[in-house]
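Scrolling down, you'll hit the structures one after another.
You will see subunit A twice below: alongside subunit B first, and alongside subunit C after that.
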Partner chain A sequence: MARYIGVRVLQTIPVVLGTTLLIYGLVFLMPGDPVRAMFGNHPPSEAAMNVVRREFHLDQPFIMQYLYFLKGVLTFDFGKTFQGRNVSDVIATSLPITAQLAFLSIFFEIIIGVGLGIVTGVKKGRIFDNTVLMSTLVIISIPTFVLGFVCQFIFAVKLGIVPATVGNYIDINHMLMPALVLASVSISYVIRLTRSQIKDNLNADYVRTARAKGLDNRTVVLKHILRNSLVPVVTYIGADLGGLMGGAVVTEAVFNINGIGHQLYSGISRGEGVLVVSLVTVLVLIYIVANLLVDILYAFLDPRIRYGKS
Partner chain B sequence: MVDSLLEVSDLYIDFTVDKKAVSAVQGVSFTVEHGQKVAIVGESGSGKSTTAHSLINLLPGTGRVKSGSIKLEGNELVGTSFKKFIQIRGKKIGLVPQDPMSNLNPVYKIGNQIGEALSANNVDVDHDIIQKEIDGKVTILHSDNELFLGRGARQKIEIEVLNIWLNEANYNVDEVFGKIDIKLIDHLALRRDLVNILQSAGVLESDAADIHARIKALHAKLIVGSSIRLDVIKTLQKFSLSEVQAKQMVEKYVKGSTKVDRIAGLLSEAGLTHAGQRAKQYPHEFSGGMRQRALIAMALAARPRLLIADEPTSALDVTVQKRILDRINRINTTLGVAVLFITHDLGLAAEYSDKLIVMHKGRIVESGASLEVLRNPRHPYTKELMKAAPSLNASRLVSESNSQVDKSIQKSANVFEFVNLTKKFKLPGTKKLFKAVDNISFKVPRGKTTAIVGESGSGKSTVANMALGLLTPTSGNILFESNSMKDILQSKKLAKDFRIKVQPVFQNPYGSLDPLYSLGRAVAEPLEIHGVGDSESRNQRVKELLELVQLPNDVITRYPNELSGGQRQRIAIARALALNPELILLDEAVSALDVLVQEQILQLLNNLQKELGLTYLFITHDLAVVNIVADDVIVMESGKLVEQGKTVDIFKNPKQEYTQNLLDAIPGRNLI
Partner chain C sequence: MNSKIEHFVADYDTNLSAVDQFTSDKKVTGLIQEAWSIIIRNPLFWVSSVIVLILASMALFPGLWSQTDPLVCQISDSNLSGSAIHPMGTTLQGCDVFARVVYGARPSLAIGVMTTVIGTLIGVIIGTIAGFFGGILDSILSRVIDVFYAIPFILAAVAVLQLFQSSDSIWKVIFTLSLFAWTSPARLMRSAVLGVKQQEFITASVALGSSQFRNMFMHILPNSISPVIATATINIGGYIVAESTLSFLGLGLGSNSVSWGQDIANARDNLMTTPSMLLWPSLFLAVTTLSFIFLGDSIRDALDPKGRR
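And now, the complex of A and B:
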């Protein structure tokens, strides 16, 4: 098991290097001169701009810029924004907000998604199953921002149950609706995936054997069927963490949340290469760690993967 | 009058297909007495498995009991609530399912899955429910005398027995033990140096060796978690202890076992060695036979009165099959559990059961005492089954057909020649080499059937893969029509020619056809790959081929899932024939089929051989099949060629013990 985790951790190193290089390259290729953009309509003298260029290593060739950036990342120094704020400060204030949103969403995904998946899988073909299936189809076909506005209008404006926007109030009360909206599509997919897995495993030979032993229905479903059904679901949820982070750009805009998505959006619009690369790097790292956790959880759920060669 | 254990009367079972009721079982009635062994025999679709599953309310899909009655010890099961059945499953009726590969949950340890069967049925791990035959009837006895032997208790008993034996051999026990650190003889029987330890304490070498051997034998008889007080007393008496001594020891030490011990005990009962360690392993670390043993242990955990064995060995090697069936037999006699065998093999059914029930299309066509039915079958279907059962037939199939083979072309006498063939594999994780095939030489004569027989792991499939050019031999040579395999694979032209002349047919007709290809396309594919003819002539050829394998033309547009196993295997044969090959390599090609279908396919293969002058290389674990199709036999064991010769000679007069064992493992062979 330790060896398995070690191999997986080592495998992430080239992935991190490759992705950061790619992102850095893409930002480097963005049109326009970021230093000119920084000063807007009243550019200072060329000499002054050169000083700024030197400070941000913009006078160096691409690969040197990347290596400077990499050195900074390794020493937790992501550099400064054009306004002079430390990028690490920006990350430190915005990341926890997005993380809360994402984790709340994942929480809903697991509880609602897997829960309803089990119930519909076991009671397939009944009215409840059909209702849930229909609802998931509706949710999947509506874009997230439309769903966000609709929920805002109904639950906040008309009914007044929850606040309409988040702003600076980072608590469960304010985050509830954005998290549910953000998670809605994923919940639908998780329900469908869990349901089909449960449905397939319900007729598996080992399930019949478990029943033939004299186990009650509850034990058969929760112990034998569920664990075998969870492997693909866990993969989906793990991979979805990245999707949630990306999806947060839209959701954070709708509900006015000052998270990573918000910062990323304004960074791109201002052409702030250092900020964008740093934020995306953080997202990539989170994505990689999430995948690593999925791999480990995988091995935990299925011993054949744990002991498998290659 | 005492109730029968199981009494099924006028049972009707329906399945709903496309909203219509399809009858699977029609008016079946039979009884199983306490401790009796009954076998239901029939081909797939005869309703035998459906009948068995209805007994524990585990009918698949839309199946349901329409009418009739199933009485277990006088209690009606039809219409019983779902909850009540949970009480019956495992506790009163145990199930040993068909396919050991898919019937264990891959994510839980074996021990855990057996432990579940104990806890689900609230079986006290300290006691055993004992069924004993009294006055011809099996009765359930409950008694405090039936406590299990625990792990610590066994060791204490062994030390005490050691004491007694030393005493008998006129040693001063206190003196001997005074010189030994008692911790040294922890695992008494397992310690190889017990002899040395005893010697160092002044015991003569011969005495020490004798005592060690006896302790070892005793150790093997005392099974933790399975032996009960009565067993321990009997065993000790066999080892020359007096009844009083044995009883005293048992009262003192045998006080029940832990759940872990009980799980190990159940696995040992099912015939698994090193049961304690095995319980900590996962199903994927077990072989098929071991998994089947685990499933038997599971089914017996709560000491059911009836064990349903649903084709318990159809996926296993003959020798493994024999061991498993013998074990079930032993359990039947020692525990008094009644057994209901479900099988398609009449020979097996006759050898392992007291009573035989033959089912056909949902009805019982014949039933009676096993030997009686076997020797005097009355119903035509039973006769048909008997004729088809390879284990009950001793002569080679004969085909009457005019050979169309043009004998004017000169061809080499042997299609294949294997010369000193060896294949070594590297064992994963080590540098050790493992000899899968060890220096074997034999010839495959043209127009004949040569069979390679062996258990799994014997290396027969490795030989097959080398013959197909899919593996390269480590040393030795393969000659195909006098050309060396090395040269063939290096020359594009020769390789292409070889791929046309040698065609494989594999075991699993479900896995070897692409589910997305229509059957016509599947058969035509080799023609397309080798660019034979245009689409018109290919279609014509496909029709010819289907005719050869006796399938109707309309299967061209159908898909594999619409066909039965036997029909699919016919398609696989048609595909192999498409390019007019010289040799067809049949790798367990009939092992997955019912006896009746198997017989049809074998007959077909035999006819084709006559008609087209084909050579067959037949890879199988089933000697019975070899007997009716092969001209020459190669017997393999652990990579080595054990025996080779004409089929008739080997069957009449096997020279090697291994071959004799394989022959003995054929069920029902000695009954006729």
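And now, the complex of A and C:
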């Protein structure tokens, strides 16, 4: 197991280097002189600008600049926004909010996704099964922000059941609808995945054995089928944590939540390259680490992976 | 089904080679013909194909469907509900919603189809090379795929489209989406090639003396491409949704262009007064995406030999 974890961690290093290089390369490609942009319409003397260039290592070749950027990422120092706030401060205040939203979404994925997946998997081919399957496809086909608008319009504006926007109220009452909307596409995938896993396992030899020795249906489904079906589902949900942080860009913009996605959205509309790239980097790193943890969890749950070729 | 195998009882002086001969009126069919005979029996295939054809005709010849110019708007006609002249009503600016939906099909479909074509082509080439040659080349290509795969799609698109904020061209969206769309076909193709490479008919082909490239193009590629084709069809819908999301974030085609994504994004501010502005483009987008999912599903069912039975 230790060997597997070691190999897996080592494999992550080139991916981290590659992704940060890719993202930083995109900033480097950005047109215009960042120092000139910083001073706006009244640029100071060339000498003064050169001092600033030296301060931000802009006079050095690309690869050196990348290494300074990497050092900044590792020491959690991303520079400043246009308003002079430290980007790391922005991240520190907004990330917990997005994390809450993402974890609430994961909760819904487990309760609704796995729950409906089990029911439809066991009772396949009935009206309920087909209705759920069709609904998941419809949800996948609608852009998340449209679903957000519609829910906002129906449940908040027309019916008044839940608040329309979140703003500064980070509590379960305000976060309920945004978390559900953020989770909607993932819930659909979890339902389909759980259902197909259960369907595959339903005819497995070990299930026949369990039934043959006289276990009742409930025990067979919950103790035998479910345990074997859930391994890929757990992997999917775990890996989705990073995806949800990315999807939060849209959800937070719709529901006005001051999370990291909202910072990213306003960074885009203000054209703040440094902020956007820093936030994307942080989100990508979270995504990579979440995937790493899930792979380790996977090996823990399924011995075949651990003792496989690796 | 109607195959008829006749067994001969040979005369004592018959040549040995004639003993095993039999006649059968079953036609020799290839994978494509067999898949076709399955797919034409699937009603979902017909429904989704008809919808896709209708949408394609809107994208190619929008004038057939609507004579109204989507960019000519009468402010005096602001916010009308459906009527004979404006079947789906008008927007706040007095533009005809039906005309905008019809003309919006072109950029949405172009982005979905072009991204899929470019991404799949690049992915198939890289995946085949990685899977076929293996070794160090495979390790390098696989790490490159990992890097591009590790960035969530929307975040990647946000980072790249930052570069083109001044442009309103449809190609900037296609380029950006393709830049990250090739990874999953590459992974699919690589694993499919690895599987096919080990099968007996490839060994037979090598034994018969066919060259490496003949092997790759004539035998391995056609036998491993079917999962990629099915997934690609499903993904067309996904890229259409992605375009609308980018438009919502202000990184799409720009507010002056006519596309479903842009119209949906614009509809947000007037949702209270003009819900039809949100309804129609969203409905068209969702139906299009669903049709591509069903089309891809029926192609997969037809091409997957394991699913037959």
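A few points about this structure:
One rule holds for everything that comes next: the second predicted complex is superposed on the first by the 283 of 310 C-alpha atoms of A that agree within 3 Å, B and C clash if a C-alpha of one lies under 4 Å from a C-alpha of the other, contacts with A are read in each partner's own complex, and residues count from 1 in each chain.
In this section, contacts are C-beta pairs under 8 Å (C-beta built on N, C-alpha and C of every residue); 3 or more make two chains touch, one makes a residue touch a chain.
On a predicted model such as this, the values are computed, not experimentally measured, just so you know.
Contacts of A:His224 after superposition on the shared chain: subunit B is touched, whereas subunit C is not. By the touch criterion defined above, A:Thr75 lies against neither subunit B nor subunit C after alignment on the C-alpha atoms of chain A.
In the superposition on chain A, A:Ser45 makes contact with neither subunit B nor subunit C.
Contact with subunit B, but none with subunit C, is seen for A:Tyr206 once the two complexes are overlaid on the shared chain. Of the two partner chains, subunit C is the only one that A:Val146 touches; subunit B does not reach it.
In the overlay built on the shared chain, the residue A:Val280 is in contact with subunit C alone; subunit B does not reach it. With both structures placed on the common chain, the touch criterion links A:Leu26 to subunit C but leaves subunit B unconnected. When the two complexes are superposed, the chain touching more residues of subunit A, out of subunit B and subunit C, is C. The contact sets of subunit A with subunit B and with subunit C never meet. The residues of subunit A lying in touch with subunit B in their complex are 203-206, 208-217, 219, 223-224, 227-228, 301-304, 307, 309. Across the complex, subunit A meets subunit C through its residues 14-15, 18-19, 22-23, 26, 29-31, 137-138, 140-146, 149-150, 153, 157, 242-243, 245-247, 249-250, 253, 264-265, 268-269, 271, 273, 276-277, 280, 283-284, 287-288, 291.
By the touch rule above, subunit C contacts subunit A in their complex via residues 143-144, 146-148, 150-155, 158-160, 162-163, 165, 237, 241, 244-245, 248-251, 261, 264-265, 267-268, 271-272, 275, 278, 282, 285-287, 289-290, 293.
Interface residues of subunit B facing subunit A in the complex, by the touch rule stated above, are 56, 58, 60-61, 82, 86-91, 94-95, 97, 99, 102-107, 116-117, 120-121, 282, 284-285, 295, 298-299, 301-302, 428-429.
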